[in-house]
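These are the structures, in structure tokens.
The two complexes that follow have chain A in common; it is paired with chain B in the first and with chain C in the second.
Entry: the complex of A and B
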């Protein structure tokens, strides 16, 4: 063993492309399966969430305006960056969860491949769910999917990396921006993923990542009037009723998902129908 | 002195002989008409004449309807092939076409809308909805995106009074095509065409219990929303009630679609074809007495053409024929209820007191019934109640703008997002504005057009989901939309 002392990482939040500590000054302890101390990540506050929503809202129109081709390339770039840092993610998953190396490697592989899969959807989703409607009259009539706005998500406790990718990526494919709450017990992958995002040409504010307690932050997300949709897949089903009740105040679109499919992308898109007369 | 030109129309009343209204109605449950316990009157809002007594469904009635729907779903409807289900819907569409005059007259008597509109819009579109969805019934495997869709089971459907038969069609046709059975409640003030539709179901030999119709008020609606035997709720009505429903079903596994309120912006750019725009403004706000969730109730005018548009609009409004809805020349009929008239009066009074300037078209309103003259408010600011709240009447709030971006900002400055209008002869500007507007339906150089193939529904607080087209159908299929 070398006598060198490790340089340990301070795990912070990821808001508007920067890595601030929580304004609340609160942290919590993350331990591994054996109870050994690993890190003190931030316990994000309501104000942190508010800051993240402000950043996500400000970034939304720009991200939405980016061409589908451009969005696809940026998502693919995230996959490239993640691929290049595979050992770090494998180590962190093993450190926190104690799973075998093979299992950790599979999760990182799946995460990279899932990003590539989503990257290919940016310029195809509208040909899947768009339509030219044959109305009975002299009108050109079409329906297209469009971004919904600012979406929040609760990532599942595990798998902490793949679950995070599945929470974040389908939301941004169609031009939304996102605030995601990472796995509480295993937030290391999420905060390292923020570093990947920060080096992938993702505009500031498009992806915002918080760490903290679900039962604190989920109700704040549900009642926030400038959040348009909420993915509560990572939340215990016992809490769903209350979250949906709080979300009704601005008729938030609140969903849970079991798999990665185009429906997961479409859930947070609105469909716009356009009529124009035909004549000469 | 200019000679006053008088342009009198001879009365052209539609005959009501084609309808026979019973003195009292019950509910339609399990394929049969069953009598109700309590009743309330339904009136002709144009004359205040009592047309009939409508049953008020209580818990036992709703239970019976849900039970009949469940039985029909389990024993008949879910086992029938889509091909055969579709044939029933085709039959219903055809019978509605055959009996279209009867439906139109009954709708106008009960609702107060002009016969011209019920005859040319409501009833043909309702039949078209059944015809369109009939063809979906045996093609459901192509409706999802790589998924295998299934019906929800029993759908509870609550519809408003502004387009009674058409909203019934929007609800029942896709539900049945997707393989659900339904319990539908028409609005308290407009039950008669739904009850006539029950007869159509009988004539089409639709299996008993596939369609059940219970009449009543909000208390009946609440019984449907909270009924544990219902899998899917579909509601069209106000945003306030929509939020109540969203909260009520939050702890359950029920799937929900909501078509709620709106405060649509109708934007006129300086490069619009002004005469066409004026027609579009009139159609946008005065169609169906303004009782339209997607009505163009906020006119947003570019300053450079504001005076010209307003002069022409007032001139055009003065020619709107207000009066007997049964007269084929009538443009603007009766307000649907006293309650709604009071709401319109309250909001327009707020318009006066908050400093907007009212102008109403000069017209003689009938002495009996519920009436409101076509009205515009100018000098409206975004803070005024008449710019923020849905009036749901023939009242237009006028705002102005200088730059196209200002028009978009004003248009989007609302929690609603159902529809919007754009008037410009410049294609690139129309498409730009179309992209910028946060609303589910954009009418460019037209307004208030509907079609069964065309998805309709709102962004933001205007609701959840779409009606019409493949998108609307998926609201009635499990495993396609994530709810």
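Entry: the complex of A and C
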């Protein structure tokens, strides 16, 4: 018989590279498929979102200036850290969703592989979507993709880890910073993923993770003037209309995605065309 | 001059006056300031506080790189902080270097900003290291160019080495140069005075010498306007009022960058000196970045959603 007292983890938010509790003090209960209590994660408030946006905005120019090579290294580093903590993620997925061990392991493997795949795109995306355009004059005419700024995303309910990685990573590949709302029912792996991010040389503020209710936070994300784009893949299609209306005021780009492909990276990039005179 | 009957202008009387001051309980001041900072101001009170804070801002640019164009843009912003919303009040004053006073005054008058004052930093700002003749000429230039407020720095070297009478005489002389044309604000640079006792001493010294305002800092030294320092200065003006029935203003400057900080300052004023001090003639906030945050918070209260820095001017 063990005399040790359980050391239970407090699931907090991840904002600006730190792990604050929600300023509202609110929490909600997470239960497994059988209804057994598991944890009390934070129910993020509008002010938490605001703080995350301020952090993401401050981090954006620095992250955007990092070389594609450096961004790729950092994304690969996230994959390394995740690989090293594989058993914890497998455990958490099983605890919350009740899936088989094989299924949970596959999700973590896919998540690591997906990160590596996105890491590879950092130095290829501008070659894929950029162009040297023929023009009728003595000019070089380039089109190059540039980051949009601060992007928010709503991760799908499941798969909770892979879905989160598909929401976060394509956004930051091109130099954007992100605020993501994790799966409401299964937020444990998202908050453990925050610990992975915190130890992967990702600059503070580049990835910010909130937990809470989608119908509360999505409209705040849509109407916030300082968020440039929004991925609502994780939101039920019934709510899309309302969110698009709220985002119209500030001309926010709002998208949904079905799969992981380079289009998901390009959605939150803007193309700039540059004219450069050709010398004699 | 009578110096409110507190001193007669001699070194002996000044020493006696300063020695009569009680010391400051440092731990108590820190705790009191921290406690007042926990107040939460919401809804209608917040709205009132934002507008009050805007009207108290001394919109400041004190850079070596200041140009007439930048000062003029600052003046336009001072008169109409939000060009899309005429209900936003004008700020208290613009605060510039000596040589920009004429440009600022002319531009303010041109655009209907006669009610906005021009404050000039003076007496070899920010270090205060120059001869008395230079300091007087510096101030005279600013007054002649149309400054309605003079922000002078004290000689911290003299103060810290105990030559209080030098500091006192300097303030008296600059006060004479200001005459009835300009208000005098005396900057202590509290970050260099080290202790709260010194801040209290400097406050009483400046008030007796004829300051209309006492001001924390130049903005060039950190720490600047920390809450406990402002608390000590507000207690000083409160006690001075009890002694003389004269109200002296307070101006924190430096490090007040967002709405939350500004509202904390207003709470300090209300709870220490009293609500009579909550007006631009007795409380000013020296700042540059603060105004944009106040405007963004105001937009948020009107629109119901958070604003973006892209919707306010950079300077």
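What we mean here is this: the second predicted complex is superposed on the first by the 275 of 280 C-alpha atoms of A that agree within 3 Å, B and C clash if a C-alpha of one lies under 4 Å from a C-alpha of the other, contacts with A are read in each partner's own complex, and residues count from 1 in each chain.
Please note the rule applied: contacts are C-beta pairs under 8 Å (C-beta built on N, C-alpha and C of every residue); 3 or more make two chains touch, one makes a residue touch a chain.
Nothing here was measured: the structure is a model prediction, and the numbers come from that model.
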Fit or clash - chain C, chain B, common chain A: fit
Where the C-alpha centre of chain A sits as vertex, the angle toward chain B and chain C in the overlay (nearest 10 degrees): 80
Partner chain(s) touched by A:133 [first = chain B, second = chain C, both, neither]: first
Touching partner for A:274 - first (chain B), second (chain C), both, neither: first
Partner chain(s) touched by A:33 [first = chain B, second = chain C, both, neither]: neither
Chain B versus chain C as contact partner of A:224, first or second or both or neither: second
Touched partner set for A:50, first chain B, second chain C, both or neither: second
More chain A residues in contact - chain B or chain C: B
Touched partner set for A:18, first chain B, second chain C, both or neither: neither
Gap in Å between nearest CA atoms once chain C and chain B share a frame through chain A: 5
Overlapping contact positions on chain A, where the chain C interface meets the chain B interface: 250
List of chain B residues in touch with chain A within their complex: 128, 145-147, 239, 242-243, 246-247, 250-251, 258, 260, 415, 430, 434, 439-446, 449, 451, 453-457, 459-461, 463-464, 466, 469-471, 480-483
List of chain C residues in touch with chain A within their complex: 304-311
Chain A - residues contacting chain B, complex: 128-129, 131, 133-137, 139, 141, 143, 148, 228, 240-242, 244-245, 247-251, 253, 255-257, 261-264, 266-267, 270-277
Chain A to chain C touching residues, read off their complex: 50, 53, 57, 220, 223-226, 250
